[in-house]
Amino acid sequence: MRNKLDRKMDAILRREEAGVRRKTIQNRTLRKLASNQLSVLGIVIFAVILVLCVGAPLFTPYDGISMSLAERYAPPSAEHWLGCDQIGRDIWTRILFGGRISIGVGLGSALIATILGVSLGTIAGFKGGLFDGIVMKVSEVMMAFPQMILVLIMVTITGPSLWNLIFIFAVTGWPSMYRMTRSQMLSLREEEYVQALNAFGISPMIIAFKHVLPNAIGPIFVNITLSTAMFILQETALSFMNLGVPLDQATWGNILNVAQDISVLKDYWWMWLPAGIMVTLFVLSINFIGDGLRDATDPTQIG
Amino acid sequence: MDNNTIISVRDLHVNFYNNDRCNRVIRGVNFDLKKGKILCVVGESGCGKSVTANAIMGLLPDLSRIEQGEIHFYDNDQDIRIDQLPRKGREMRKIRGEGIAMIFQDPMTSLNPVFTVGYQINEALLCHHQAKNKKEATGKSIELLKQMGIPLPEKRVGEYPHQFSGGMSQRAMIAMAMSCHPKVLMLELKNQEGTAILLITHDMGVVAELADEIAVMYMGNIIESGEARAVMKNPSHPYTKALLDSIPVLGRGKDQDLQPIRGSTPDPYNRPKGCQFAPRCDYCTECCTQQMPEEQIVEPGHMCRCFHNLFKQGGDA
Amino acid sequence: MGTYISRKVLSLIPLTLAISFLIYLGMELMPGDAVSFLLPPDALASLSPEQLEQMREALGLNAPFLVRYFRWLGGILRGDFGYSLQSGVPVSEILMNHLPATLELSIASLLMSSVLGIVLGMISALRKGTLLDHTLDVVGMIGVAIPQFLLGLILVLLLCLNTNVFPVGGRMAYANQPLLERLNYLFLPALVNGFSMTAGVMRYARSSMLDSMGRDYMKTARAKGLPEWRVNFLHGLRAAITPVVVLIGFRLPMLIGGAVVIETVFQWPGVGELFIKAIRAQNTPVVMMIAFFSVLIVLMSSILVDIVTAWLDPRIKLS
C-alpha cells in the first residue's frame, strides 16, 4: 500500500523534474470530462450505438420485417450475423431498428419530462406562492406511487402503444425533475446578482429562465441521463411482459420477449442475448456519461 | 542542542502530489521548540504552517511525504525520529495525544457530530490509559470541562457538539487535547499550563500578546524567526515588515495608515525561481530573482533570510 | 416520538385521501362494468339486464360520482375491498394469500442490499484507487445498467437450466419444508431483485464514506492517537451511515416496482405476480387495491425513514 503510493509519487516527481507537462483543455467542464476515462468510454459507446441505430439501413441489407420461413431459428452465419428469430427475421437488423424506438422512447420521454419538470420547477421555485403549492402537492401525490406501479396502471388505462408509453413516462417522470429544479431555484434566487437584476426592474420570468436557470444546468443534465437510462430499462421490462410497445414493432424489449420461452432461453441464445447486451451497454454508457457530468459540473471538486 | 528542546525540525522538505502534480509545500524549514515556551508560526494561508504541524503529527495526507530533513521529538531523554516512524504505527499513535496534542482551526467541524462530547474526550483518556473504565473516564472528562470553565459540566458531558457554541466547542477541544497531559500542544489559538505550545496563526495581534518566539513563514520557508520582542521590534524581512504594517494596532485610534501587501501569493505550481517573495517585494533586486537567500543571524537569536537585511539598513540610518 | 408519529400520520391523511380518489377515478376509467366490482361473478352471471338495472339502482350505482366514491371509501375503511373479477374471491382474501411471499422476498432483498451494499461501499472507499475498488465500481455500474429480468434470465440459464444448482422458479409451500429448501427457492429472486439496489447503495455508501473520511473530525480522532480501525469504523462509518439509510428508504419504492417484474420472471406467487396477472385480465379491483397498498407502504416507509434518521443523527429532531 505504502510502496505503491511511493512509486506513484516518484513517478510524478520524475515527470515534474523532467519538465514534461500534459496538454490541458481550457474549458474546465470539458477537461474534467475528458480526464475521466470511463465517461470518455461512455461517450464513444453511446455515439457508436446511436449511429448504428439511426443509420440502420446503412449497416444491414434487411428490413427486419419480412419473414423467411426457411431461416427460422437460424444460428449466426455470414449472411445473418446474429442469426434469425422464430419467424426468420434477421436479428442484427431487428436490434438496430429496435434501438431506434427504444432510444427514442427513452430519450424522448426524458426530454419531455425534463421540459415539463424544469419549466414548472423554475416558475414555482422562483415565484413560490399558490402555484408552487399546487404543483408541489401534485408531485407529492405522483411520487407516493412506486414508479413502476404507476406506469403499469396508466398502461392499463390507456392501453399499450408506443405513443402512450412516451406520454406515460413523461407524465410519471416530471416530478423528480421538478423537485430538483425547484430546490436549485430556491437556493439560487437568494444570490445577490438576482437582487441586482431585480433592482434593474427586469421581469422575474426573464431573470428566472435567462439568468438563474443556466446555473442549474449541471444537475439538470445529470438528471436527463438518469431518466433516460431508467425509461429505457422500463420500456424493456414492460415490453418483456407484453405490456409495453406492441409486439409488431421491434424494440429491444420486444426482442427480449422471446426469452420468456424456456426452450428459446436454453437453446437459441442469439435470439435474446445480443439484444440484452445492447441494452446493458447503452444504459451503461449513459450512466458513465452521467457520472462524468456530475463530477465535471460539481464546483466543489477541485481541479 | 540544549536539553530544554522538545521538538527540533531540521531542513524539512514536504511535497504534495495531488492532481498528478508535484507541489513543494515545505522547502527546508528549521526550528526548535523549547519546554514551556510558546512558538508562534505566522503566515498567510497556504504558506505551509499547517503542513508543518501535520508533518510533526504524522498526519500528512496519503499523497504527500517528507522528502528530506528530520523531525526530532525528545521524550524523557529519548530521541524519537518522527519522520522515520510509520505514520499509522503504534509508536506514532502513542506520541499523538500523549506526546503532542493538536487542536485544529475550526472547532465546529473538529468534533464528530454523531458522538457526545463526553464520549469523544473519554476516547482519548481510555486510549492512552489515563482511565481504567468508562465511569472513571467520564468523571475525568467532567473535571476537564469544569477546568475549561464550561458551566454545568455534568450535563454538558452528555450533549452533542451541535448543542455547543463555537467558543464552547473550542474549549471542549482544548479539554480533549489537554486530557493526556501532552508535552507539546499545537493549536491554532490560545494557550495553557506548562506545556510547550506551537501556535499557528495569521493573526499578528495574537502573536504580539502571547508569543515567546516567532517564526514567519512564506511559501514553504521560514523567512524570519527569533525571540518575539526582537522580531516585532526589528522586523528584518520585507515580508514581516509588510505583515506588521498591514494590521491595525489596538489603541492607535481609527486613522491608522494600513498598507495591504501588494500582489498575491504565487501559484504553488509555478513558483518564482529565487526568493519566493521577490515579485511582491519593494526591495527586490537582480540577485533576489536568481536564488533563495541563506539563513543569516541578524542579531543574537534572530534569523532572517533576505539579501536586503532591513535590520542592518535601519541600524545604519 | 409518539406525538411525532401521530402528527405525521395525520399530515399524510389528506395525501392518502387524494390518492384514494385518484385510485377510484382510475377504477371508473378502466374497462369493465362497475356492478361487477361489487358482486361475486357467479351472482353476476345469473342476473338479467332488468335485474342488473334494479341492482344498480338499489346499490346506488346511479348516484353521483362523488357519492359513490365516498361509499367505496367507507367500504375500504370497514375492510371491504371488493371482489376479484376473475375468481369472485374478496380482494382482501387474495391479498392476504399473496402477501407472505412478497414480504419474504422484499425483506430478503432489502437485507441483502443494505448489508452487502454498505460493507462493499465501505471497503471500496477504504481501498480507494485499488484494483478492488475499480472492480467493485464496474460491477456496480453493470448492476445498475442491466435490466433486472435479463439478469434473472441469465442466472436461471446458468444456475438452474444448465447446472441445476437452484430450482427454476416458484416458491415452496410455506409450511412443512426445511428452511434450507425454502432458502434455495428464495435465493435467486432475492439476489436479482436486490442486485441493482445493492449496486446503488454500494456506490452511495462509498461516496458518503469518502466524504466522511475527508472531514476534520477524522483528523481529530487520529490526533488523539486512536487506532486506524477505530477511526475508520467508528468515527467514519458512524457519521457516513445516515445518508445511506435515507437512500435505502427512498429506494424502497423501486424494490416494490422491481418485485413486480422479478416475481413474474421467477413465477414467485406474490403480490407482484398477482398484479401483472390482474392487469392482463383487466381485473380492476385487484389492480387498484394493490396500487393503493403500495402507496401506503411508500408513505409508511417515509415515516420510518424519518424516525431512523432522527435516531441515527443527533442533530435531527423529530418535530
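Think of it as A, B and C in the order they're written, each chain with its own count starting at 1.
Everything below uses one rule, namely that contacts are C-beta pairs under 8 Å (C-beta built on N, C-alpha and C of every residue); 3 or more make two chains touch, one makes a residue touch a chain.
Everything numeric here is computed off the predicted structure, so don't read it as measured data.
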Exercise. Given the two chain pairs A-C and B-C, which is bridged by the higher number of C-beta pairs in contact?
Worked result: A-C
Exercise. If you take the mean of the Cα atoms for each chain, which one ends up farthest from chain A?
Worked result: B
Problem set entry | Separation of mean Cα positions, chain B and chain A [Å, integer] | 51
Problem set entry | Chain centre separation (chain A, chain C; CA means) in Å | 24
Problem set entry | Inter-chain centre distance, chain B versus chain C - centres from mean C-alpha coordinates, in Å | 54
Exercise. For chain B, which residues are in contact with chain C within the complex?
Worked result: 57, 59, 88, 93-98, 101-102, 104-106, 109-116, 120, 123-124, 127-128, 160, 162, 173, 176, 180
For this session: Note which residues of chain C are touching chain A in the complex, please.
Result: 15, 18-19, 22, 26, 29-30, 141-142, 144-150, 153-154, 156-157, 161-162, 168, 253-254, 256-258, 260-261, 264, 275-276, 279-280, 282, 287-288, 290-291, 294-295, 298-299
Problem set entry | Complex contacts: residues of chain A adjacent to chain C | 38, 137, 140-141, 144-150, 152-153, 155-157, 229, 233, 236-237, 240-243, 256, 259, 262, 265-266, 272, 276, 279-281, 283-284, 287-288
For this session: Would you mind writing out the residues of chain B in touch with chain A in their complex?
Result: 15, 17, 19-22, 62-65, 86
Problem set entry | Partner chain B, residues of chain C touching it in the complex | 215-217, 219-228, 230, 235, 238-239, 242, 312-315
